[in-house]
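A short write-up of the structure that comes next.
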Amino acid sequence: MIRVTVWNENLHEQSNKTVQEIYPKGIHTAIAEGIAAPGIEVRTATLQEPEHGLTEDVLNHTDVLIWWGHMGHDKVADEVINRVHERVLKGMGLIVLHSGHFSKIFKKLMGTSCDLKWREAGEKERIWIVNPAHPITEGLGEYFELEHEEMYGEHFDIPDPDELVLISWFEGGELFRSGCTYHRGNGKVFYFRPGHETHPTYYDKHVLKVISNGIKWAANARGANPVYGNHKPLEPIKG
Amino acid sequence: MIRVTVWNENLHEQSNKTVQEIYPKGIHTAIAEGIAAPGIEVRTATLQEPEHGLTEDVLNHTDVLIWWGHMGHDKVADEVINRVHERVLKGMGLIVLHSGHFSKIFKKLMGTSCDLKWREAGEKERIWIVNPAHPITEGLGEYFELEHEEMYGEHFDIPDPDELVLISWFEGGELFRSGCTYHRGNGKVFYFRPGHETHPTYYDKHVLKVISNGIKWAANARGANPVYGNHKPLEPIKG
Amino acid sequence: MIRVTVWNENLHEQSNKTVQEIYPKGIHTAIAEGIAAPGIEVRTATLQEPEHGLTEDVLNHTDVLIWWGHMGHDKVADEVINRVHERVLKGMGLIVLHSGHFSKIFKKLMGTSCDLKWREAGEKERIWIVNPAHPITEGLGEYFELEHEEMYGEHFDIPDPDELVLISWFEGGELFRSGCTYHRGNGKVFYFRPGHETHPTYYDKHVLKVISNGIKWAANARGANPVYGNHKPLEPIKG
Amino acid sequence: MIRVTVWNENLHEQSNKTVQEIYPKGIHTAIAEGIAAPGIEVRTATLQEPEHGLTEDVLNHTDVLIWWGHMGHDKVADEVINRVHERVLKGMGLIVLHSGHFSKIFKKLMGTSCDLKWREAGEKERIWIVNPAHPITEGLGEYFELEHEEMYGEHFDIPDPDELVLISWFEGGELFRSGCTYHRGNGKVFYFRPGHETHPTYYDKHVLKVISNGIKWAANARGANPVYGNHKPLEPIKG
């Protein structure tokens, strides 16, 4: 059983009519319903809840955390971010979606500005698989298309991904490293680009398949539990 | 169900008394018995069989191939090597053990000499986990020890691994990148160092655990099936 | 002084009028003239010369070899390929251009099929820099364009590059990892995509800048000279 | 001309007699004198100076910053750290030495805890080169030894290095990834392990050679200057 928590700042849904119509129950609920499957236990959490819904207890019972944020990055308490950061290093998987590239947690884990080019023109995005043996690409074809999406363009200021899985082609002439994996401590991190709030992206079956594959990949981390600090010698040391 | 074929050149077992005593049924049988588990279907194949036991049919029904060879690398027919190579690129996992570093198939997949330093002194090897979130390290501690093993030392002439999972410390002063993963085409390759024929290494529970984890990791490749060659445009091209 | 040898199969230039008009002295000469600079000593070699112009002596006096081939891959003698391969492992840099993706030397160094999608439609290619701190991108802008080029599309069946430097956007809807670096033994390898024979690509100042930068990068390899084989212990080993 | 600033917290030198005897003018001065060479312009800066000696002006005239810190990590002002961080992302090279693994700047750039095992037993360290084509290894042999050093052991909680160049073998049975490179934004980062304050490590010719090579490598970053934010389409977008 993989325990997933879908976190959403849930702000555009309160103020923007288009977003309300597309995601009447919020982006978090659309994702939670879209990834529902045997072996997956999903809950949601939002910015508005106490401790943003990410208490010690919730995080300790979360194998994979999904993160959607945009206009409210600064409203997330540092204390909660530090707690999430520590849980990732201890082994919790993290999937950061779309505008989450600028979230405090992603920037803290990457160490870079995570800046990029962007344009809201509702243009076509075609996402190509460049690592066909990666479990995140299971069951996808060679590429899939989103008719209308926001554009994100290079240079994307991230560390060189441990594995580059997906690259997006945009109608307007740009491209973007759209599916990137990282190890951080005992945890695995997956950044996945699509999902502008004014497009019904999180109902797309390919997008949901990628997120579902990402959950399985990110939860798959149960390696050694490292011990740090002062260490007695394992072999004799000459005087 | 993961279908595993354990291949062994099975030569030392015919001529060397020490090896016969340690592996009376051959290294391949020791490994096959050691990795037996629900969800794993194991068969063995050896150099002496027709087509070295690696017919089209066997390979087409193999999800992960394990390879042990040493003194007989040159006796393996190129035709069989090309067949194995093609199957890896199509998605079969491959685990190359110990002296298999010099096998035709490993050198063909790596593109380098795969040369290294070595010494048969029965010294202590301590294998450290350096990527604790990797599924290959599941259930291991921080390190494990083999009291007596052959030494392999750097520089190991391989491409920079996609993921470096294990490094060995040797009593005599050397170290070695002992657990290395690669993607090649649709297939995944895992090189794992231990296993000199005059030591009972393939009965060690940690060694068997690593191989078992490696099987699960290497079999986990069912991504997109790429199409190559001439391609019609997906978008209109201006004259 | 960096000693560069530009190798070209020089076949299209003999039979194709368009190619003759664009490259009257051959692709090799266009490249050799285009990269001429203080500190660079350039010579050329072609398939038609004895030993394809790649004698022991020439290779031993080459710091960086540039490779252009297409219809004559099979005409290159294996003996010469093995010689080039060995020189790369000993430290010679290698820059493989365009259709050289299917050359014997590139496939031997990569270990994969090196297959890809392609289309000759003279479409627009826009090459984006995704690793702006890499010396190969020195002096380039954020991207550069080639008005008319052959398309190469993903999946490109290569090992995950050590460094991914450039990605191409194509008008017809595909994209391609166009600038990829690898270490192989003591040598450095750079694959650079553009350069179809029917387009004047090797007169483009950005393309020439990338190749010139690549030469400096690939020649920059003077590390330790590894020793392989049996090795005496550096520390006492207990009996 | 490469402009290098050597930064040192300069605290042990004030309070510890052993350190005073080994580094009477401070670790920063020993390093500054040790790397002096034509083409290198060196200055030093310490925690005690206004703005820790790392003013806007100093950083804007620094190509490569070398960092040594240990007991005073928390005494470094966040404002200065943010300034250094921004300069790295804009292209300044950074070489982090030894106990700098726990410095604010290194943790901020890595995104992990950067924790490790350690032991002060004055034991032998043998540093092996595992990437002999890397410019940081130029002029070194296959390995070099430090008779007496502090031990650092795995697991070292860092992101998988872009390039792993050096690994240390320790007498007491541990090993450590001792030479690791990263790209962060337009800047290059090199972590290099040796240099405990109670050992004369920064007079060792191999250690100084590695640092000098690292300076050349880290300064070699003059790629494209990315532009971020809203971006006009480069190609027409259908309505």
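The first chain written gets the first letter, and so on, giving A, B, C and D; residue counts start at 1 in each chain.
We take it that a contact is a pair of C-beta atoms (placed from the backbone, for glycine too) under 8 Å apart; a residue touches a chain by one contact, two chains touch by 3 or more.
What you are looking at is a predicted structure, and each value in this text was computed from that prediction instead of being measured.
When the interfaces A-B and A-D are ranked by C-beta pairs in contact, the top one is A-D. Note: centroid distance chain B to chain D, computed from Cα atoms, is 36 Å. Each chain gets a centre from the mean of its Cα atoms; for chain A and chain D, those two points are 31 Å apart. Across the assembly, chain D contributes 126, 129, 131-132, 142, 153-155, 160, 162-163, 171, 173-174, 183, 185, 224, 226-227, 234-235 as residues in contact with two or more other chains. Chain contact topology: the protein chains form a complete graph, every chain touching every other one. Across the complex, chain D is touched by residues 89, 108-113, 115-119, 121-124, 151, 153-155, 157, 159-160, 162, 171-174, 182-185, 224, 226-235, 237-238 of chain A. Interface residues of chain C facing chain A in the complex, by the touch rule stated above, are 126, 128-132, 142, 154-156, 160, 163-164, 167, 169-170, 173-175, 177.
Those residues of chain D that touch chain C in the complex are listed here as 91, 126, 129, 131-135, 137-142, 162-163, 171, 183, 185-188, 220-227, 234-235.
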